[in-house]
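Read through the structure below, which is laid out as structure tokens, and then see the notes.
Order of writing sets the chain letters: A, B, C, D and E. Residues in each chain are counted from 1.
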Amino acid sequence: MKEIIRITLGLTVSCLIAALVMGSVFIVTDKAKRHNEHVNVQNAMLGLLGYTEAHPAPSDLRLYTVYRYIIEDGDVRTLGYMVPVTGNEAVRYQLVVMDLDGQFVDRFKLDITPEKAQEAVERASALKAVLKPPRTFVYSDSTIIARLGKKRLAYLLPGKFPGFKTFIQVILAIDPSFEIIGLEIMEHEEDPGLGAEIKQDYFKNQFKGKSFEKIKNINVTKEPLPKEYKRYLEAGKGDGTPLPKGVVDTIRSKYQDRDIYALTGATISSKAVTDGVKNIIKKFAYRMNRLDSLISEQHIPVAF
Amino acid sequence: MPATTKTNFQLFTNGILNENPIFRLALSMCPAVGISTTVMNGIMLGIAVLFVQVFSSCTISLIKNYIHPRIRIPTYTLTIATWVTVIDLVLAAFLPAAYKEMGIFVKLIVAFAIITMRLEIFACKNSVTSSFWDGVGMGLGFMFGMMAIGFVRELLGMGTILGHDVLGFRPLLFFVLPAAGFFCVGIMMAMFNYVELVYNRKKRAEKR
Amino acid sequence: MNGPLLTFPKGGIHPPESKTLTGHLPVETVPIPREVEILLSQHFGTSCKPVVKKKDLINEGDLIGEVAKGLGASVHASVTGKVKNIATSAHPVSVSVPSIILETDQEAEPREWPASNWRGLSRDQLLERVKRAGIVGIGGAGFPTHVKLSPPPEAKVDTLILNGAECEPYLTTDHRLMVEHPEEIIEGAEIILHILGITRCHIGIEANKPDAIDALRKAAAGLASDGLTISVDPVQVKYPQGSEKQLIESITGRRVPGFGLPFDVGTLVQNVGTTKAIYDAVALGKPLYEKIITISGKGIARQANLLVKIGTRLSDIVAFLGGTGPGLAKVVMGGPMMGFAIPTLDIPVTKTTSGVLFLTEEEIDTRPHGQCIRCGWCLDVCPMGLSPNEIGVYVEAGRPEDTSRFGVFECFECGCCAYTCPAKRPLVQFIRLGKMKAKK
Amino acid sequence: MTVSVSPHVKSGQSVEKIMWTVVACLLPPLILSIFIFGIQTLIISIISVASCAAVEAISQKLLHRPVTIKDGSAVITGLLMAYVIPPGVPYWIPILGAVMAIYVAKHLLGGIGFNIFNPALIGRAFLMATFPVAMTSAWLPPIRDGAIFRYMGPAVDAVTTATPLYILKHYGPSALMEKFGSMPAIYGDFLVGWRPGCIGETSAILILLGGLYLIYRRYITWHIPVSVIVTVALLTWAFGGKTLFTGNPLLAVLSGGLMLGAFFMATDYVTSPSQATAKLIFGAGVGALTVLIRLKGGYPEGVCYAILLMNPVVPALEEWFRPRRFAPQKGAQQ
Amino acid sequence: MIFSVRKSIYLTVLLIISLFLLGGCRSEHPFVKKTAFKDADKILIEFAGAVDESWARNPANYTVFEKPDPDIRLIIKDISISADHKKVTLIFEDDLNKNQPHILTAANISHGGKSLGSAILNVKKFYLGYLFSILIGAMIINNFVFTKYLGLCVFFGTSQRKSTAVGMGITFTMVMVASAMISWFIYQFILQPYRLDFLQIVVFIGLVSLSVQAVDTVLRKVNPVLFKAFGVYLVLVIANCIIIAVPLILADNQYNAWESLMLSLGAGLGFLIALFLMSSVRERLELANVPPTYRGLPIAFVLAGLFALAFLGFSGMSIF
């Protein structure tokens, strides 16, 4: 009996000590982890917009995030957009609810700051405060809108779509006319040497500068990538002499409206990325136009 | 077993050579095959294992007199799991890129037989200093093993070492694939065996 | 015959028959040699104790060795003469066994064996005559025939099968016997049927001996006895058709269980040569002391079928036939598939010798063997359904004790696997090693 | 006089005879391929065979074993490996494949008889993993005007095309018709070999003839080829179309490396079972995996991987289907 | 041993078949019997009775969208109706993304002139097919040993003898399923809601030890024969990293209970298959003349590499 008590006591004490150690480490590292993750994504986004360490972003560049939720009330579905709104003193969020045809339904003020809004849990509790049961809501996606001074600079769209093996995660940057500014592959599990080449400049830079009209019907071609185009696409890399300005322009205009040249031996991955990008942009353009018209119609003082 | 009579230096080299966890004891093979594609991965995971091994060894050797023999194994597990959690959290927070590269394997350190084994046969019977040096030796042995495999695979698979382009081209993409990990480990083990064979033969010849 | 010939269902091979060398030659009698050497163990079981002393004078057919205890068959003098020595001689298999050397009396007349009526005798009397004549199964292992003819009472034997298949290449001993002595064989069959108290007898003969089939059919048709059915069944030409278990299955369709004996399926098999010896013993009272053997192969000056006295040395036979030919590479006692290669010609003929082959380089294959390529041909040809390749690999890897699970003890070493093996692997040798090391 | 164990006569068959007959049966497709894809197929094949033989000799020397290049097994491996790589690859590719195939997959495991996996296919799988781009895209369109020197050297890059199975997988049967004309024309072309594909796999008829000759000589049995082909035909028919039971079995059988795999690779003695039932199951497994990879997998063709995946099952199959003893054992007598 | 393998295979097959029988496409409206994807661009609706053709042929009566994108309606190109008016097939302009469940609203279903009200229907891939694909995926296509390189120490340690391998595989599968299910439960209902997921390593390894202990106790009591056969492997199970990897994967991917069951079962059976194949091959190789420096583990590694090379054939495969 005494032994059992001793064992239990010993285990309890060691568990407590272990929990203490782990708990304190967690508290210390959690913040750092979040911060680092945030910085990482932010850097990728800035990189897409063309800002690097050598060429830092101007101070009046602002990034605002719009979150989209699907709200269900029985059989009726509506869309809820959490949009940042400039108030008197600081940016606050509002929830704008529209029906499936883009008509205005409702509008709520949310008690949440942009910093806190980055946390899914915080958003959920803020939404719960205004959307009373039986209404339920599901997070759908988010869009980052970059604003430079008074001008809307770009939309940054995180996206995920199935690749050859598992999922490919990307961030797309498009300008207000939905022309592609840049594409970054964040995560993928394609085969090394084949599908993994989607990360290479000569593939992903092909998307740069494709107009919305082109993107809507873009396809993949199996023709080999022309040498001059490849050189152009890899120009940013630094190896090899940079192309003269005039040549760059002619090449750009020559290939601007071409389809995407598939990676040799990895047509499936190439097609997956192309279709994924096409889908994301098509859907986004459709929604953004609706949201914009709703915003101007309701005179919502959005921050972006 | 009485407390060890080996000097700290012997303990240290023991883990690296005689009882190398990968090539001699054939323990902790999963990362040796799974993520030994680059030298960097080897170093990172090696550091993680070194950390867990050293801290667990020291912890156990510190509290060895208070552990009830019947809950020995649960205590080891708890200790290891705690330190694995710590290193997992730390890596995730401060080295996110490397952490991502290693994937699930950092968490899986908890199931490495080598660590439990060292606790059971060494740390629970020896002083903190000896355990420390033993842990360092084992951890470094693991790290060197991982680095050796990583070196071969990175050089042959990508033509680089530690990310620096050495060959200027990618010789055999095959070595980047995890399937090649099996071949590399197998062939390196055979090389260790060969060295031992030659060494023994020489020794026998000397005796005569 | 209508339809396909009878045969066993699995395995078997078709080696070149090479029977035309001797198949047509009538049996010649070899002159009595100066000296014969009679082994005291020519059978399966314990060896005999000599009942004569040195310098004793004995007659042809006299008893010279007797089994004291256990399984065995007695041995008789094959010539008239004087006991020269009781010694140890080289047995064709391997071990040395005691033997009696007789110096022949060249003047002595050959002994006559008058026929007598056996039909009134009881079963025990008939068996006693068989036993006294020292008859063993002359087709193969040399199992004492009187033991075989008295199966345990619980075994319900209903069919007698006479084995005239003679599937081994080269050998024509039984062939000539059947052609030249069909009546004696049929009468011998009658005796066995009487002993067993049954009425049905099949004679299995490979279809490549039509003259033997005809002769036996004719003899069987003239059979006087009542109520006995003796049929001659041609069977397909396929090695090892003459193996006991295979022949039973070919003719009756019954399958002998593993580690079982023919009487487990109600059959009893006798070689035609043994049947003839039984006839001699019962009807004439003549013990088994002479025998027809085939001398064949391209390595001898003249091939022949010979009637020889048991104990005659091979060197005497070779001398009679005019010596060995050029290119002789191997002398085999028995058939080429299951016989023994012998190192010297100083070996006497025994009761179980069916032939001696003098093979030249071109008839045998001496290429070195390679690793098993797992072609599986040996599995296809094994009549017992075993896996000789696995046995070979296990033995080669130094693990012969594991071969029992591949049925190594059921193998009767017919040699089909080694014959067919493209890698020339000595599978029979591997199997023997396996049998030695593995425990039942 | 020689003394040895019985039997004293042996059949005239030998490993060399078998192997060289197989080589002879494999040659017609190679000769045809010179006319279809050009002279470089011959060069690749020769390099492949030579490097396989050289690696065999070197590894046997290294491992202190008797050198047995003469038995022809390395030649077969070399030929088969050359047959399953595209005709437009760089010439040095087969050399690397030979090291993997002969040294690692064959001699490290104990030499002939113990190579669990088909060495030629291991060579190919290794090349697939190492040079994925070359191995999946260096296909050449058939030369129809007899200019067999056309694709030498750098000219290869410019003319790569897609294999029929690739077109079928990614663009559907209509695209195939567009490229090759009507269905009967497709069957005809595929039967003779006028289609893009690996060096030795395109001519279904020549491979079939070679295989039938081997069956006639009793070097292989019908079980494996028939069960592979029947399984592929049935499963393609059932699942290959847009709806159930609308697939095209004939096309599936004629395209890709199915014939070559069924007759010459799946039947490899060492890496296939020796018992009839086990052979049928092995063949069915190869067929099923082929169809699975073709229809659902990442590669357009699956024969090679299907055989490789079934190879390690062989020891277990042999164990399960070990020939039944002559008769059941009697309980008492042990 | 072989017998028990066969038995366990039968049991698995039975389980899968029963799962298929249990499931079935239920729909949310009494008049609609079933909905399903057909081909690449079609949705089939089967009604309990005949519907009016004029209603059925009017595209305005249907709205279809992917569940996460309710505002983006899919454009219907054509509608076909079967002869008995019970089956309606909607043909869309673009190919459907079958990975997403689709929501189909049929407004005012008209049957014999009267309206039966609207139906909101969920069109999704056969769920059991999805479960099955998880099982096969974990078992063969993404075999944990040959394509994910986990559990190697135990794999090489216990694949020398076939009997050992099978015993280990079966024991492992049992413990795997038990511990993964408990882990899943605890993760979903305790760790995640209370944001304690950083404790997952400690909790999972603890649960594994507990379930090993539990299986040990239960087996010892219930079936001593089985315990005698499998008891020795129980200790080794803890040292197998697959057993800790699966709960971690489950936690990462937010699988539900059925999916978790399938993944853990697949992982266990996959390990069993890998062990079985490897052990039968290694038993064969024991007879071979392997170079002395390669004997034992090195050759086992080379073999595993060859296995992995063969398993590359499954890369990129998706069954359903």
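Rule of thumb we're sticking to: contacts are C-beta pairs under 8 Å (C-beta built on N, C-alpha and C of every residue); 3 or more make two chains touch, one makes a residue touch a chain.
Computed from a prediction, not measured in an experiment: that's the story for all the values here.
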{"item": "For subunit A and subunit D, chains touching each", "value": "B, E"}
{"item": "Least step count from subunit A to subunit B, where 1 means the two chains touch", "value": "1"}
{"item": "Most distant chain from subunit C by Cα centroid", "value": "A"}
{"item": "Top chain pair, ranked by how many C-beta pairs fall in contact", "value": "C-D"}
{"item": "Chain closest to the middle, measuring from C-alpha centroids that were averaged per chain", "value": "D"}
{"item": "Distance between the centres, which are taken as Cα means, of subunit D and subunit B, whole angstrom", "value": "42"}
{"item": "Rounded Å distance between subunit D and subunit E, as computed from the means of their C-alpha atoms", "value": "33"}
{"item": "Subunit A-subunit C separation of Cα centroids, rounded to whole Å", "value": "92"}
{"item": "For subunit A paired with subunit E, centre-to-centre distance based on mean C-alpha positions, whole Å", "value": "30"}
{"item": "Contacts with two or more other chains, residues of subunit E listed in rising order", "value": "198-199, 202, 287-288, 291, 294, 299, 302, 309, 311-312, 315-316"}
{"item": "Multi-partner residues of subunit A (each touching 2 or more other chains)", "value": "18, 22, 26, 30, 164-165, 191, 193, 268"}
{"item": "Shared interface positions of subunit D, touching two or more other chains", "value": "104, 111, 113-114, 126, 129, 132, 298"}
{"item": "Touching pairs among all chains present in the structure", "value": "A-B, A-D, A-E, B-D, B-E, C-D, C-E, D-E"}
{"item": "Subunit E residues within the subunit B interface of the complex", "value": "147-153, 156, 198-202, 205-206, 209, 238-241, 243-245, 248-249, 291-294, 297-302, 304-305, 308-309, 311-312"}
{"item": "Residues of subunit B touching subunit E in the complex", "value": "26-30, 33-34, 73-74, 77-78, 81-82, 84-85, 88-89, 104, 107-108, 110-113, 116, 177-183, 185-187, 189-191, 193-194, 197"}
{"item": "Complex contacts: residues of subunit D adjacent to subunit E", "value": "63, 65, 104-105, 108-111, 113-114, 116-117, 122, 125-126, 128-129, 242-243, 289, 292-293, 296-299, 302, 304-306, 308-309, 311-313, 315-316, 319-320"}
{"item": "Complex contacts: residues of subunit C adjacent to subunit E", "value": "393-394, 396-397, 399"}
{"item": "Footprint of subunit A on subunit D - complex, ascending", "value": "132-133, 136-137, 157-158, 162, 170, 298"}
